[in-house]
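What follows is a pair of complexes built around subunit A, which joins subunit B in one and subunit C in the other.
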Partner chain A sequence: MSRSENLYHHSVVTLLLIILLLPLAATLVYAFSSQWGSTILPEGFTLKWMAQLWQDPRFLVALGHSLLICFAALLLALVLVLPLMFVIAYYFPQLDSVMNVLILLPFAVPPVVSSVGLLQLYSDGPLALTGTPWILIGCYFTIALPFIYRAITNNMQAIHLRDLMDAAQLLGASTWRAAWLVVLPNLRKGCTIAILLSFSFLIGEFVFANLLVGNRFETLQVYLYNSRNGSGHFTSALVISYFFVVLLLTLVANAVSRDKE
Partner chain B sequence: MSYLSVKQLNKHYGATQIFENIDFSADEGEFVTLLGPSGCGKSTLLRCLAGLTPVDSGQILLQGVDLVPLSPQQRGIGMVFQSYALFPNMSVNDNVAFGLKMQKQSASEILRRVNDALALVELNEFAHRYPHQLSGGQCQRVALARSLVTRPRLLLLDEPLSALDARIRKHLRDQIRRIQQELRLTAIFVTHDQEEALTLSDRVVLMNKGKIVQNSSAEMLYTQPVDAFAAGFIGSYNVLDAREAGILTGRTWRGQVAIRPESIVLVPAGEGIDALIVSHSLLGNVIRYRVRTQGVELLVDVLNRSVGDLHPNGVPIGLQLDISTLCEVA
Partner chain C sequence: MKGKWLAAVVMLPFIVVFGAFQIAPFLWMTLHSFSSEAEGWGIDNYRLILTSPFYRQAIAFSLQITFWSSLFGLVIALIGSYSLRQLGATRLRSAVMSFTNMTSNFTGVPLAFAFVILLGTNGCVTLILRRYGWFGDFSLYSKTGLMVLYTYFQIPLGVLLLYPAFDALSEDWRESAALLGAGQIRYWRYIGLPILAPALMGTFVILLANALGAYATIFALTSGNFNVIPIRISALVAGDLDLDPNLASALGMFLVLLMVVITLVHHWMMRRSYTHSQP
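Entry: the complex of A and B
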């Protein structure tokens, strides 16, 4: 590669990074500045906004709510979907094409539309769930499905699931023992990716959270929305904290999955 | 009574008959190869022996007991797969120990037998590696050790060499044969490669379209193919129809005639049957000529002794046919 080509490639990548990082960087600086209105650079830096945010019990409760709902939905999804996918891959491979269509349905309907449908269904009758965290967990479960299904299907195809099962059974393992000892440990990579993808998507979800539950079980995004009339510095601190939490969880998940290799 | 005997085995998927009325047997310590083109039902037959695929009807008698109603876990059969099927989350040691752990053997017994099995495939120093740190050939040797450690009554090998490159394939082929003879294992080997089948086997069962075409020793299969399919699949037989064979030999034939390329001798022009060299290709130790005589094209293999022997394209040549090597096929 010539020098000028190299320079060109580097500049394209750098430009892209700047475009992507600039808003985040500005938010970061804004979150830590005491006053940044009529000047080019901030007038001074302060930890005031951060301290105020992390001392606000309402913020901590909202963060707890968000984490609880996301993890509950992901746990539900994994517990239900993993056995289902195993059964489909091993016993009914012809169902895979049906699943591929089914799994895209949550994305086929816009959230505003489907939340109206959910409100209709769960506002009264036998299952009056509207306004409780349960409806959000159920709803997030369906949103997480496509991510989880895709990531785990790819993983299953990569490990020759059928041959592994056959080999384990010929060596004397029962079907469930083989699935537990031989298949499940090898799906860890797919599961990690699935969880990370859907977690970062779910924790930023606003439409369902606002329409289905709103202030009755305030999540992070709804809290952010409710703080929109307060100080811009304060909401910037909130956004940065939210990014920081997601980043932290991603790093932890990566470290855990690399540890066992 | 044979050690293994398969009787009237049938299998179909929907309307497609995979194989029908399969009958064959294997003696104790015999190496039997199921040979055939892809889609002939040989792999499905092997999976049926293992119990991984149910059969429609028929019997699989191993030491006189019918295996058909038994689950794969109860059959006492070892199997090696084309994709190795090693457990990626376990070290070589744990992979090999898996079957013994399932049998709940004691730790000391497991340790001893795993070491023995790894010694057999010469992989002791790799015991703590993981499958992704091994080459394809090493993976397949671990898979072999894993299937042997439980002392199976029957060893099934499903195209175990197909994913490997040529040099490793030959080496592993010899190793499989050596281990099989050392342990006096009864083995059923599936392949579509005729060279593999001929070099490894005591007996070859040639299959086509779900049926057994020929069941005989490797020598018999090579020199006496029963029909045009067998002749075409093994080696590169020249298959002539009755009229062409009549022109060349001056005799009358009833059906098709197969002539092996190496049984035709090239002699100086003017002797034997007049012919013309059309083209030649160098196969290494053998030169394969394409010659034309009286409207018939034939392949002729000649041992590549020296450059001086090479006949250029387009020159006239004589052919000598030994009638006894001709083989009438149905």
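Entry: the complex of A and C
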């Protein structure tokens, strides 16, 4: 490659990085600046906003709510999907194509559309779930499903499920015992990656949380939205703290998947 | 046979939960989109959507923002991921790749706030550009502003989807083309872009779907005051006045229908390009 070409590619990539970085960098500076109104650069730096955020009980409660809902939804997803995927792979391989269509539904029907039906079905009567965390757990399960299903499918294809099961049964294990003690531990990596990746986008979910539950069980994103009229520095501190959590999760997920190769 | 029965029972909890939170709401909406409070059963909701200037404006804004942000996102992602590819396994490349991965989750409310800091009325880029008189009458809260914002969140997704596609483009072909006297433009016009076409189309479709259903970013930025389809839907089920879940269902079905049409057009084009490439 010629030198000019190399220079061109370097500049393009650097420019891309700057574009992607700019909004985050501005938020970061804003979160740590004492005053940044009508000047191009901030007037001074402070940790005041971060301290104020992490001492705000409402923020900590919202964070707790978000963590609780995300973990519950992912746990539910694993409990429902792992046995299902094993059964499909081992007994009903023809159902795999049905599943591949089903997991497209959460993409084809965006959350804002789904909410219309959910609000009507679960607002009163015996299943009055709106306004409670339960409906969010159910909905988050559906939007995490495609990612979890894909990640575990990749893992399942890599472990030669049938050979493993045959070997276990030859050694005297029953089907379910073999599934529990042999197949499940082999799916650990796929599950870990699926959970970390789903977690980082579930914690950023706003549409279901705002439309179905709102202030009655305030999650992190709804809290962020509700504090939009307060100090911009405070909300920036919130955005940066949130992004830091996502960053950590992505790094761990990358490390786990690299470990796998 | 007993094993198979037990296996079928194992699938039941999944079917119940998925049915309750994904299938049932969708069926409810399909049914109720054909029912209107004033006229009873029929296609009145759909007729209203397609004739009322207010909803037609929402559809037009949605389509414009979706189309242009997807196109700009795709072009930037194409140029960026090609250069990223050509860099080889450098430190810069791995840094940009992991950063792209991360920013693909940087959407919704936090993104809207970050853009207010950057390009809002008193944003830092706004101030710099205004000082040199380059800002014009740009407003983040206008259609153009929203296109910029949407384009931003399309870029990381576009890069993630396009980057692997460059596997199909062998470096040898570029050298052969150069030896035969083709310049950069001719190489891209006759070799590069046609080979990448399926990946570009596929990515474009996903970007369209991504922008069409986006709600959180635009809602957080404009507090629900910008007229696009997702905002109208939410206003009809969770707004302060004029609640009409049946009309919201029809709008929702319309949005889903748009996505289906986009996907079908993509399928049809892929099939056509496949049959064309057959000798």
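By our rule, the second predicted complex is superposed on the first by the 234 of 261 C-alpha atoms of A that agree within 3 Å, B and C clash if a C-alpha of one lies under 4 Å from a C-alpha of the other, contacts with A are read in each partner's own complex, and residues count from 1 in each chain.
Here is the rule we go by: a residue touches a chain if its C-beta (ideal position, glycine included) is under 8 Å from a C-beta of that chain, and two chains touch if they have at least 3 such contacts.
Just so we're clear, the structure is a prediction, and the values are computed from it rather than from any experiment.
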Combined model on subunit A: subunit C and subunit B, fit or clash: fit
Contacts of A:S200 with subunit B and subunit C, given as first, second, both or neither: second
Touching partner for A:A108 - first (subunit B), second (subunit C), both, neither: second
Which superposed partner A:P185 touches (first subunit B, second subunit C, both, neither): first
Partner chain(s) touched by A:P83 [first = subunit B, second = subunit C, both, neither]: second
First (subunit B), second (subunit C), both or neither touched by A:L171: first
Comparing the two partners subunit B and subunit C, which touches a greater set of residues in subunit A: C
Touching partner for A:L121 - first (subunit B), second (subunit C), both, neither: second
Which superposed partner A:I18 touches (first subunit B, second subunit C, both, neither): neither
Three-chain overlay, vertex subunit A: subunit B-subunit C angle, C-alpha, nearest 10 degrees: 90
Subunit B versus subunit C - smallest C-alpha distance in the overlay, whole Å: 11
Residues of subunit A that lie at the interface with subunit B and also at the interface with subunit C: none
Touch list for subunit A against partner subunit C, complex: 1, 5, 8-10, 12-14, 16-17, 19-24, 26-27, 30, 36-41, 76, 79-81, 83-84, 87-88, 90-92, 102, 105-121, 135, 138-139, 141-142, 145, 175, 200-201, 204-207, 210-211, 221, 224-225, 228, 232, 235-236, 239, 242-243, 246-247, 250-251, 254
Touching residues on subunit B, where the partner in the complex is subunit A: 47, 50-52, 71-73, 75, 77-79, 81, 83, 85-89, 98-99, 102-103, 143, 146-147, 150
Subunit C - residues contacting subunit A, complex: 3-4, 7-8, 10-11, 13-14, 17-18, 20-29, 32, 76, 79-80, 83-84, 86-87, 92-93, 95-96, 98-103, 105-111, 113-118, 122-125, 127-128, 131, 152, 155-156, 159, 209, 212-216, 219-220, 223, 230, 233-234, 236-238, 245, 248-249, 252-253, 255-256, 259-260, 263
Subunit B-touching residues of subunit A, taken from the complex the two chains share: 159-160, 163-164, 166-174, 177, 181-182, 185-186
